[in-house]
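The following blocks contain the structures, represented as structure tokens.
After this come two complexes, each holding subunit A, first together with subunit B and then together with subunit C.
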Partner chain A sequence: MQAFEYAHPRSMTEALPLLGSRWGETEILAGGTDLLSLMKNYVVTPKRVVNIKGLRELRGIRGTPEGIYIGALVTLEELRTSQPMHEYPALAQAAAGVTSPQIRNMGTVGGDLCQRPRCWYFRSGFGLLARDESGRSLVPQGENRYHAILGNDGPAYFVNPSSLAPALIALGAKARLDGQNGERYVALAEFFVIPKSDAERENVLQPNEILTHVIIPEGAWELSSATYEVRQKEALDWPLATAAVALKMQAGKVASARIVLGHVAPIPWPAPEAEKSLAGQPINEATAARAGEAAVQGAKPLSGNRYKVQLARVAVKRALLAAARPRSIGAKGGV
Partner chain B sequence: MKKHLIGRPVPRKEGRAKVTGQARYVDDLVFPGMLYGATVRSRVPRGRIKGISFGEGIPWHEFTIVTAKDIPGENYVALIAHDQPYLADGAVNHSEEPVVLLAHPEKYLLEEARRAVQLEIEALRPTFTIEDSLNKKEIIWGEDNLFKSYSVEKGNVDEVWARADFIVEGEYRTGAQEQLYIETNGMIAVAIPEKGVTVWGSMQCPYYVHKALMALFGLPADKVRVIQSETGGGFGGKEEYPSMIAGHAALLAWKSGKPVKIIYDRAEDMAATTKRHPSRTRHRTAVSKDGKLLGMEIDFVIDGGAYTTLSPVVLSRGTIHAPGPYFCPNVRIRSRAVATNAPPHGAFRGFGAPQSIFALERHLNRVARAIGLTPEEFRRRNFIQPGQTTATGQVIRENVNMNHLLERALVLSDYHAKTARFARENSGQRRKKGMGFASFMHGAGFTGSGEQYLASVVELEATPQGRVRVLAASTEIGQGTNTIFSQIAADALGLDYDSIEILKPDTASVPNSGPTVASRTCMVVGKLVEAAALGLQQTLVGSGYLPEGYTPAGFERACKRYIESHGPLKSSSQYQPPPGIHWDDATYYGDAYGTYAWAVYVAEVTVDTVTFEIEVNDFVAVQEVGKVIHPVLAAGQIEGGVAQAIGYALYENVVWNEGRMFNSQMTNYIMPTAVDVPPIRVFFEELPYSYGPAGAKGLGELPMDGAAPAIVNAIENATGVSIHHIPVMPESLMEALAVTEKAVERA
Partner chain C sequence: MPKRPKSPESDHPKVKGGPEESGRKQAGLGRRDFVKLVGGTGVAVTAGVLTKEALLPAESNAQAAAGRRGIGPGPVNITLRVNGEDKDVAVEPRVTLLDVLRDRLHLTGAKKVCDRGTCGACTVIVSGKAIYSCTMLAIDAANSSADILTIEGLAPEGQLHAVSAAFVDNDAQQCGFCTPGFVMACKAYLDAQPNPTYEQVKAALGGNLCRCGTYVGVRKAVLDAAMRMKGGRS
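Right, the complex of A and B next:
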């Protein structure tokens, strides 16, 4: 790890001026579960690390008339076990999908959304887009078993690693980003972007901004939601494919649906065709399978990840069937 | 005089120090004025070194810099062949090959400096696969890319094909595997030209390091001292590579005049140090219609990486275990260890046997199916019996009863009822359940004449207080050496557990009891501990100080009186082969091992045929290991070995990118955790072995051999698809299941 200056601000007013205006100069430390390994492997080499754990305003989950405010420092474990989350099974299940208790206890909501891709090339120092000298990506014919099957027209082939983003997007959540000139709100669906160069990032956050809160809009508790992850192994690993769904049900039929896939594209990947296929339908084996089919319609597997198409399709189907099951705790909506 | 410790779960000898944090691992040791050392490695798999340049912005004058030119003695790691340099000189033969060493007091600056050294290497065409090496696409080692080949002949294989009712062929492959000991490799060296070299570190084999350092520095034995620090796991991964790290630390210490510590981080440890040899095995088997093996032709090849290291002996064990615990009158085994431009592969629990046993136990299921027998019935008809001979002509003299082990394992796992039920219930289910088993054995101790060459020695010394010290180079690496040696010595002498002390392995004070490898510590070295203890007792009895039926207090009085009148009270014991053991290195014929541990393992799995998820739900491990010295440690060895083998079968996929390990992090090299491991139910059969301490055999490696084929056999039982390589990844399972993208999930 390269030596760095360490800052421990006590308030947002102290914290924001400590951030640099260019990527790479400063890094924000919360749980550290991703940042420390990035630094140890020299993938990032910040001159200054700003620890935001002292910012009390970023803690806690509270209800407001606009919706539920989740502080960026809320840990995944707090999220998983908090009472309000019983109303949002997709989110609680996504937090539980981080199957290491150590990571859940240290890792934060903000960190989960801002963590860097797990792409082996990126982590081995080939850069975010893993290009060779001629500018061609090494991924499409390389070690791509865990790479994107959707949204992979280039130049990025990594998958978004966030566990929570698909569920939050399905629930219509937005992010609050604070900078020295004040705050702005961005729908989480617009937060993630596909970078076009190695100098860009995977989201719209500016280097001198902090993601401070995630807001689940009022009324989202009415939705029937679920997250389903397909994984090779039970613990200490990222899923191979995830689907989060949030359904508005009326008289046993789908009035509206949000379906978002995770770990299959450089950004959490919405599936509008699948959503459309469910309009006015009940959720059953057949409609869920059809939606799964529609979700992967545009999939273009790389040389070594054809199996992920199947996993994504199954994840959608199983998430839909799970969402349609009556909830055991705090059941609202459902069929 | 009482004997009461063997067979009981006494507390670990060093357990208190470990759980209270008092045990000192190498990275806990800090010497005044100590520097940190780092290794600059080639990123090119094969090439010629054209230049080394030192980048800007680093105060290079503060650094100790060592290249091949600074080596005072021989630039090779003395082991079997002398082909592996300590530092590449002119040519590089694998990525991660060490080229330059750096030392500096400041760890962080050191890492920046390491990254600022540029190696200019003219790339040559590398060889990465067993096939390319065998086809001699490039000659990268010696004249033919072959480190070693063996051929074993029994009977006449050529004449069986014509009269065989069935001939079954198959090819099987296994991947590399990382040992993943908890403590990464590390060493500290103090080296002063007039005084010699001393190293402290994490290791399995102090005398291997000792021999290597003597050659590297051109020093006599008494000027080189190797001391084992507390060691957090080895699994073979600390058998040969510590010689490399010790040499590097010592070279930096020699040049700087200061103590130098080198500790590998996990990524460096995974990428640069040895892993299990990848393998390819081809079987051609002749069988009669009544299900008897008539002939076996086995072609076994392992990828040794760039240098010889231990490949000849890994190959040897893999070769001898290739025909398994079966009797076959005609056997031909051809085996080869080939060179590639990967970092050298090396010792790992099982040592060649997990590879060849995986192939055999998968193949025999294929053979059974071809002739219409169940896997268990086919094996029953072919298990080796007492009096029969192995492929190397070894007559089985012990009362081996594989049939009994098989029946016990099948009953304990409820195999018959479950296979019948799963066959009924699987139809139409996307989650399919299956049962599979493997039958196998593992030879304890060095192969062939190895133990005679080692001629290991153990010494015991008694103090005037009646305490007894065990002096041996056998290392405690977490497996329980200290505990079982104490049990063996205490019971032989009729003393309490606490009156035995185990001296820390230090080449300046302990004799060479051989390396801590090959499932030999309990059986071979433990027997020497027992013999030396009995020798000590005889000396005291002979002196007239120790009465018959003595008490611990009587022993103490006898020691005191003996030492007062005769001086130090010591006893040593040297290895003698059991009577009637013969081995011919030239023909590869004879008694390959003094004895074997025998086992049958059964796995129950669930396979999701839609998401390709595989779970191991239950595991039964039945084995005959002679007398069990410590039931908890022994069961722990079996459980740990099975867990490691579950990783080998299902998760641990070393991905190579231009000859470098691409996933050298624990976030992308996936190993099983507690939730991925089923209950492992361990059952021992105890048939005392006459030449082991209290009848014990070796068991440390055994559990690594059979779990992977049992699991893959269970996957076949569940799904009907036959998989011939491990690890079984979701994508390979998908291929095997031939799922098309149009497949629709059922049920």
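Right, the complex of A and C next:
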């Protein structure tokens, strides 16, 4: 990897001035599980790396009147095992879906949300939009078995790599972004964006900001939630398709539903048609399957990823059935 | 995490790295020893001299300096606590913990295979937790003053830790290249969960790959090691 200057601030006041005003100058290091690989591959070549692990205010999970504050430095293992997270099965299951204990010990909540896409064109240096010399995307004409089936009108075809985002969005979570001019709160559903040009990124974070907290709103613990991932391997692997659901049940019927798909689109993909199909219905094989069907209605598979449509359809169905089960029995990922 | 002995001379002669140690190793002239001999610097020289008088233009007092402004990109003096011993090295911030362990401290048990945080061959235990040493900067490990345990520090010279012994007895390796990583992952797991089920063991090994496919033997070894560690055998 390219040599860089290293900073290890002890407070937000020290950290924020160390960040650059343009992308590419400075990178934020926390768990390092994604950043170090990107630097070794020369996909990112920062002049300065700012290690934020010394920022104590970014640690820990605490309850407040507005909801649960999860620090960006909380590790995936802490998230999986912490007592408060038992109220949010979708989130604990999503953390458990990262099946390497080593990655869960190192990787953080903030890092999971801010990790760069796994798209192999991006990782090989062709940029986020994977264009050739003539400006055409390499994805539709090339190997695209792991690329998007939804939200893929171009020029972006990568899939959002976050394990936690679908569950957090289903639970209505927001992110707190801190910069030198203060903090701002962004609903996680609006945090991720589909880039339309080379100048854009896959989220709204600015180069001089740090994602410091994720907040699950008060009341979300009442929701019946679950995450179902389909992965090729039981060992460490990114999912091929994920569905996270959060249901508000009244007398055995769905009062409201949030359904979010992961790893099928450049952003965590909401499924409003599937949500509507469940209104006033009980959750059973038939209604869950119908919701799965509705969730993939708009899918436009590429030449090599038609199989992902069925995976997404089934992930929605199984997540719904898991969410409707008594809380002690969770959804199980893996194939 | 159990406390490592403060004075490791008696327990960990392998990682001592004193001048006598280097001399003894060079007599055997393995591949690494030959390279060291030609290079002219063993770990003892690096560790002993650099801390007192910086031979390289290394920045000192790295922890304090790195706060408000950056340090590097040149070599920086850092101290790593490895197998109970403080090791002083001068490294550029970009150097990983794995590279320092292998190339500077000559602890070659942790293996460099994928170097991308995927295969688990470089697994070491930092502050009681299994991590990929290829995916942690050495300067980061120094900053957090973490206790780093490598497979060399697992048991006194000439003895096998219960996990290692269970690997031998259960035929838990073929080519053996992934084995140190597996042993460290198992050790960290059993310290946290001394009574695992087979299914739990399977999940606990999700961060380590064995391309010979010896997973069944490894899982048996972990269950066996759990029994030995509880029974106080070995």
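Simple rule for what comes next: the second predicted complex is superposed on the first by the 328 of 335 C-alpha atoms of A that agree within 3 Å, B and C clash if a C-alpha of one lies under 4 Å from a C-alpha of the other, contacts with A are read in each partner's own complex, and residues count from 1 in each chain.
Here is the rule we use: a contact is a pair of C-beta atoms (placed from the backbone, for glycine too) under 8 Å apart; a residue touches a chain by one contact, two chains touch by 3 or more.
Source: prediction; values computed, not measured.
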Contacts of A:R145 with subunit B and subunit C, given as first, second, both or neither: first
Touched partner set for A:Y69, first subunit B, second subunit C, both or neither: neither
Partner chain in contact with A:M1 - subunit B first, subunit C second, else both or neither: both
Which superposed partner A:S124 touches (first subunit B, second subunit C, both, neither): first
Which of subunit B and subunit C A:W23 touches, first, second, both or neither: neither
First, second, both or neither for A:L311, with subunit B first and subunit C second: first
Contacts on subunit A seen with subunit B and repeated with subunit C across the two complexes: 1-3, 37, 40, 99, 234-236
Touching residues (chain side subunit B, partner subunit A) in the complex: 108-109, 111-112, 115, 265, 267, 610-613, 651, 655, 657, 662-663, 665-668, 670, 672-676, 729-731, 734, 739, 741, 743-745
Touch list for subunit A against partner subunit B, complex: 1-3, 37, 40-42, 99, 118, 120, 123-124, 142-143, 145, 230-237, 240, 289, 292-293, 304-307, 309-311, 313-314, 317
Interfacial residue positions of subunit C with respect to subunit A in the complex: 63, 66-74, 76, 92-94, 96, 115-118, 120, 123, 129-132, 134-137, 139-140, 143-144, 185, 188-189, 202-209
List of subunit A residues in touch with subunit C within their complex: 1-10, 14, 18, 29, 32-33, 36-37, 39-40, 48-49, 51, 53-54, 77, 99-103, 105-106, 234-236
